[in-house]
Each structure stands twice: as structure tokens, then as C-alpha cells.
Amino acid sequence: METTTTPKLPAVFSPGFFKLYFKGMGQVMFQGNIWTGIFFLAGIFYGAYEAHMPAVAWGAVVGTFMSTLTGYLLKYPAEKGLDGLWGFNGILVGCALPTFIGNVPLMWLAIVIFSSMTTWVMVGLNHLLAPYKVSSFTFPFVLTTWFVLLAARIMHGLPDSGLGAPELPGNFSTAFDTSFKSLVIYWLRGISQVFLINSWVTGVFFLVGLFISSRWAAIWAAIGSALALCIAILYQCNGGDIANGLFGFSPVLTAIALGTTFYHVNWRTAIWALLGIFATVFIQAGMDTFFAPVGIPTLTGPFCVATWLFLWPHLNLDKKILQQG
Amino acid sequence: METTTTPKLPAVFSPGFFKLYFKGMGQVMFQGNIWTGIFFLAGIFYGAYEAHMPAVAWGAVVGTFMSTLTGYLLKYPAEKGLDGLWGFNGILVGCALPTFIGNVPLMWLAIVIFSSMTTWVMVGLNHLLAPYKVSSFTFPFVLTTWFVLLAARIMHGLPDSGLGAPELPGNFSTAFDTSFKSLVIYWLRGISQVFLINSWVTGVFFLVGLFISSRWAAIWAAIGSALALCIAILYQCNGGDIANGLFGFSPVLTAIALGTTFYHVNWRTAIWALLGIFATVFIQAGMDTFFAPVGIPTLTGPFCVATWLFLWPHLNLDKKILQQG
Amino acid sequence: METTTTPKLPAVFSPGFFKLYFKGMGQVMFQGNIWTGIFFLAGIFYGAYEAHMPAVAWGAVVGTFMSTLTGYLLKYPAEKGLDGLWGFNGILVGCALPTFIGNVPLMWLAIVIFSSMTTWVMVGLNHLLAPYKVSSFTFPFVLTTWFVLLAARIMHGLPDSGLGAPELPGNFSTAFDTSFKSLVIYWLRGISQVFLINSWVTGVFFLVGLFISSRWAAIWAAIGSALALCIAILYQCNGGDIANGLFGFSPVLTAIALGTTFYHVNWRTAIWALLGIFATVFIQAGMDTFFAPVGIPTLTGPFCVATWLFLWPHLNLDKKILQQG
């Protein structure tokens, strides 16, 4: 007689817990790999301290913990937790709030509650998206963080010091330094900005972390940021955003998703991923304009939208098993 | 031999018709109870006449009638009508349009058509949401009224006298009177604003109406408005909005929905409802910001979004039978 | 022995290819008819050259070709292609981009990529909408073009010369010439604006093209534009928009969809279509306001939203087989 054993969650703070904790960090770029997560966190700490914003790093630590713990408390299926799927939205909430909002206790209360909330928002959105064979990606982070940042505009308790002023769109300069060295820095920043870090060193950390788990993921991340940079320059976008890697982070995620995670690697899907990167840059620029009058960032919304649009058509065609969700 | 009898609708203007008519008013707060509806309408009349806006009260009468009649004309399933589910969106359209738009004949034409429209929009949206075991709540009202109010901005035939000016978000004062008496008034106004009424007396009417139908609904309504008030004060929101109960009405609905309507009452779901109230305040503030550049109100949109986000994850867990739709 | 033959696509540039190519143009107004498509294209050429904007006409040619070719390359079901369902979104992208963006090579690159993209976005959105027995209509065009136009606001490589300035909503004049001759011109322009052409002659071309395929489609198009004109005048909308037919094009499409395409022609559905036209005008005005701060047009978004809201409620009732999708 055979019995199928349902997987069991390790105790909180046990060694097994830290495995799924770091896997959660790696899942931001679709890698359920402990070492990838450790490299990601190291890169976040480097970049956050370099920018004198330690709250971003500690927010990442707290956000991952709260959203993972929420999976335990709400008794969601253990497999998802073991794959690290409870952590990747929480870590992004933890990085985003201290980036855009002043470091006050009420901000930390918001991190605790809204990083937890990403876990059940993810489960809910995955129910909505299940018939279409895609998951919610980082959209639970995007949605909850949009609400908090919009709310911060009319809450003096959440100082919106890190947010740009609301303005009608259209004013911008295309000027930026075009030396080869600068372009390499912008390219690596595009990768680091996935976690809202503006540092080329962090970009290297992230590439190494990816490479440990999947060669193709690292290659597509590199291609995604590089091609996005070229397209943004070709279409003469905002120079400051180009220099800070802000046209790169969503295409990086689209590139990994379409180039290797959800489609098999081959020439056909490679062209598909390149088209996805092109579209993501336009969706990024479009969302930048759309949110200008309320002055909030797009976060990884452009990646979610683009990747859905490139996955929905092919419910069965040449697609691998979904890893998120 | 047994036969199952399909329920039959009473003739329009018969006594049975008025039963489902008033049930429709009660269903705004999830109570298919005639007396609840009568108390709600009484509260609306009190508050509307007190504010010298009788059109709001008569709009409620007309809106409920038109949306209910539409259910008859389009021959939608009689059970829904008998539960009052054709009325609750229509009454809100009838309250909202005279609140924000000048009292002109073209406004009444809009009430007649768009309160009717809520009935088929509800049926349509319920089809969309059926696989996820939730209904559209007050979103048919929210959606149609958003369109009318946005349209009023560029239709001189609909004077937008009751709408604030479109502006980039961020300018506001946190000042408000913090005496205990004032706080009680704000708390009750938070309940009255569910029907767009700004009157503490109306808030008492509504609490009594709820209590007649369900003790727990009244308790959760009270908790919802009180906790939302505390959170809005804690995070230093717009003082004028706090005083007018504008941070309260959506959390009131979220509280009833999560605290007693869709989950069984117990400690676990109570914590869940408290989290839902917290999230609703942030979604309220976020939507306020989002709509500032076009100058329209959120209506009960924040309640719908928050409640969906707190129901979608649990398709089967500890949830009672849906009452709306 | 019987064998069912799967339909085969004709070779690109063969006579059969041009059949489905022109059918694709006709499908913008739900007519899979070659001659309808030819009249539509003739009308577009007439209007584009009259307005000294030949790029609009050639954009239509290129856009239809690219989106049709994409159906071949991605091997989507041949039946859809033979019905012309790969062409109607692409032609609209090809008309819209040169209307709003300056005639530069980078704009043509955007036409090529984004008209192609409408084909897989259509397949994806149709998967989402399939359970609700509706298709995505022109929304793949609307969505991709919104992104490109929003992006153009912050891309100097795409001159946004044809777009109005972003502004807070509310400033407009209701003045327009009310002579009978002018009203007839506005009415015909409402029809021509379906393809973003501002010419009464083109409106006549389109009516003739419709009449060849379906008398009722022509009649409902005429009714849709006429009634929308009356409602926009009654509610005192922006006079310039009225004169340019900008309140007409979405109601024209709603009218054909509800009046004859998706419901059988009878008195009951005629009232339904008239209500749909009324609602579409409000949704048009509402979306105009909503997009004012970012300064982009609604495209045929109001038609899509209105028609969905009038089809979703009736999954089975008196509805004909869907032709799009």
C-alpha cells in the first residue's frame, strides 16, 4: 500500500524555513533557488547602504518574512510556500515603501500589513488567472504598493518625500552621458532596479545570482536590459530615467519570463521574447505617462501586462509548466 | 406527485412589490429585510431634507423603482428580484446623481436610464465573477455613476456644481475638530455616507435599520466606521474628509461583508475583517488621489475592491453562501 | 468514407489572400465582405488624401497586411483568418498612429510591430472573454494604440504633434454651426471617424460599403451616428467634437453590434440598441474626461465597453452566433 505524503512546512526560524525564505527572494526573477536569493539580498544590502537608505534593505528582510509567515497563518498549500512563492511579492513591498516614503514608524506598519496582504492577494488573483494558465506574477506587489503610494499623497503620516511631484506629462530632457562606460552602468542598473536599487554593482550581484540557478535566465536578463536600453535611446526617452535604469527592470523580467521560464529556449521563442522586450519598453513609457498626474511609479506593472499579453494567446503552444503560482 | 414551483414576481405596485422594493434598499448593506429598507429610506429623507437637497431622497425613490422594474422587463430570474437584488444599485444611482449634479430635467433622464442600466450591468458582471464565487456588489452603481459624473465634466447639460474641481493631488489640510462629541458625529456620518448622506442622525437610522435585520451587521458597521476613523486620523488624512465621514462609508460595507455576511462570525474572521477595514482606508485614500485630476468621487469603489481582494483567496474556506447575486 | 477538410490559407499575395485581406477591413464594422472592405479602403484613401495625410491611408494598407501576416506566422486557426478576423485591428492601428504621431520612420516601425501585435493580443483577450460568449472587438487595437500614444508623450522619437495637450478636464465651448447642412455633415463624419477619417464623403463610402453586405448594418450605422449627434447636442457637449463626428464613431459600432450583429433584428432588440447608443455617448464623454490629463484619445474604447455591458447579461437570450472571434 502506497501513501502519498503531503509536503510539510518547516517550523518558522528553523533551517528549512530559511530555505524557503531565500527561495522567495529568488522567485522575483522566477528562480526558486536558495543561493540566488542570498545573492539577491546581498546585492540589495550593498545598494541600499551605498545609497544611504538602509531601510530599503531591512524592509526587504521584513517584507519577505511577513508575506511568508502569512502563508503559514492562512494555511495555504504547503507546496507553494516550499517553492518560495509566498516571499517574492513581500520582498518587493519591503524594498518599495522605504524607497518612496520617509522612514517613519507608520511606514513600517504599512510594510508589515501590506507585505502580508500580498500573499492572499496573490492567491486570489491566481484564482482569477488560473483558467488562462498564467499566474499573477508580481502584480500583488504592484497593486498593493500602488494603493499605498497613492494614499501617501493624501496622508501626512506617510511622507511622500521619495515620490516625484504630480504633473501633467510631457516635460522631460533626453540628455544623458553616452560614453561606453556609462552605457554599461545604465545596463547593469536596469537589472538592479528590479528590486528598486540604483547600483551597477548590485546588477552584477543579481546576474551572478541568476547564473547560479539558470544560465539562460542570466543571459535573458542581460539581453532584456541591453535591448531595452537601445530602444529607449532609439526612441529618445527621458535621459534621467535611461541613466537610472528605469527603462530596464520590467524588460528584464519580461525577457526571463518569455525567453526561458514559460517557453522552451529556441529560435522561435527567442524572437518572441525580443518582441516582448520591445513591447515592454512602450508599455513602460505609456504607464509613466499615465501615472504622471498622480506622481507614482509604475513598479513592475509593465512587465506583468506585457508578459500576460505574450502568454495569453498560447494556452497550449510550446509552453512549459508555470512556475509561479 | 410533487411539483417545484418557480417563484413568481408580484404585480408592480402591489403590496408584494413594495416588499421587494424595500428589500432592495436594505441590500445596499446586505440585508434583504423590508424594515431595514424602510429605516434606510427614512434616514435618507431626513438627511436629504436637512441638507436642503430633497432631490437626493426622491432620486432614491425613482432609482430603486427603475432598476427594480428593469428586472421585470428583462425577465431576469425572479428569485433575485424577490431578494431585493434589483434595487440596491439603483437606489445608489438615485442618491448619487442629485448629490453631484444640478437638479435639472436632463439629470432626471440620466437617473432613469442609468439606474435601470445597473440591473443589467449587475447581471453581466455577476456572470464574469461567478467562477470566483463573489458577486459584483455595488460596482454596477459605481461604474455607471463614474461614467455619468466624468461625462458631466464635459456636458453643460449636466451642471457639475456638486463636484470638486479637477486638480493635481496633494493639497489638503489635516485640521478638524477633535472633541469627543465631534468624533462621535464623524463616526455616525461615516455610516450615513453609505447612501451619500452627511448627517449623524441618518447614521443612527441606518444602525437601527441594520440592527432589526442582523445584530452582527449593526455591530460590524459601527466597528467599520470607528476603526476607519482612527486609521484616517492616525495617518493624518484630509481633515475635511474625516469630518464628513468620507473615510468611513466604504469600510462600513467591507466590515459587514467580511465580518458577518460572507464569513461566519468568529475570532479568526474578526481579525480578517479588521485587516479588511485597514486596507479599505488605504484603497479609499489611494482612489481619492487617483481621481483627483478628473475631480470625481470614488463612490463605494474602495469597498468593492477591498472586499474582492479579501474574498477571492478563499473560494471554499469558511465562507457562507453569497447573498448578493 | 468522408473526411472533414480543415480550411487552408491561400498563399500570401495570391488572389485568395486579397479576399481575406479586404474582409479584414470590412470586419471593423462586423462585415466579412470583400466589397465592403474595398469601399472602406477607398473611403479611407479619399479622406486621407483630402486632409493631406496620405500616411493614414498607407498606414491602413501596411497595418492590415502586418496583422494578417502575423496570423499566418503564428499559425492561428485558419478559419479566423479566412473570415478576416486578423485584419480589422491592424488596419485601425495603421490609421491611428499617423493620425496622432508625426510621419517619421520610427512611427512606421511602431506601426509594423504594434499592428502585428494586435493579432496575438486579440487571440489572448478572446481566451479571456470566451467564457462570457463575447469577443474582444476592437479592444486589441485600442489597448496597443493607447500604450503607443501614451509612450509618445515621453518619446521625442515619436512626435506627438497630432495629440491635444494634456490638461485638467472642463474647459470647452459648446458652440457649433447648427444649420441642417452642417448637421448632415457631422452625421456622416460620425461614420467616417470609425477609421479616424474626418470627411462626410468618406462617411458615404462607408454607408455604401455596409449596404452591400447588410442592409441592417447600414441602417443601424446611420441611426447610431444620428442618435449620438442628437444626444451630444441635447446634453450640450463640446461643439468642436460634435462637428468633427467624435461623438459618433463609437455609437455607430455599438449600434451595428447590438442592432443586428449579435441580436436578431426586432423591436425588442431595437430598443436595446437605442439604449446602447445612449450609454455609449456617456461612456465616450466620460472617457474623454478621464484621458484629458494625459491627452490621448479614447479610440473605439467606448464602443467596446458599452457593447460588453449590453452583451454580458444575456449569455443565451436571443443572441446570434458571434462573428468576431
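We just call them A, B and C in the order they show up, numbering each chain from 1.
Keep in mind that, in the parts below, contacts are C-beta pairs under 8 Å (C-beta built on N, C-alpha and C of every residue); 3 or more make two chains touch, one makes a residue touch a chain.
Chain labels with UniProt names: A, B, C = Urea transporter.
Nothing here was measured: the structure is a model prediction, and the numbers come from that model.
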Rigid-body rotation angle, chain B (Urea transporter) and chain A (Urea transporter), from Cα fit (steps of 5°): 120
Proportion of interface numbers common to chain B (Urea transporter) and chain C (Urea transporter) (over half same, under half different): different
Distance from chain C (Urea transporter) to chain B (Urea transporter) - Cα centre to Cα centre, in angstrom: 36
Overlap residues in chain B (Urea transporter), where contacts from two or more other chains coincide: 131, 168, 293
Chain C (Urea transporter) residues within the chain A (Urea transporter) interface of the complex: 74, 106, 110, 113-114, 117, 120-121, 123-125, 127-128, 131, 146-151, 153-158, 160, 165-168, 293-295
Residue ranges of chain C (Urea transporter) in contact with chain B (Urea transporter) within the complex: 131-132, 168-170, 172, 174, 234-238, 275, 278-279, 282-290, 292-293, 308-313, 315
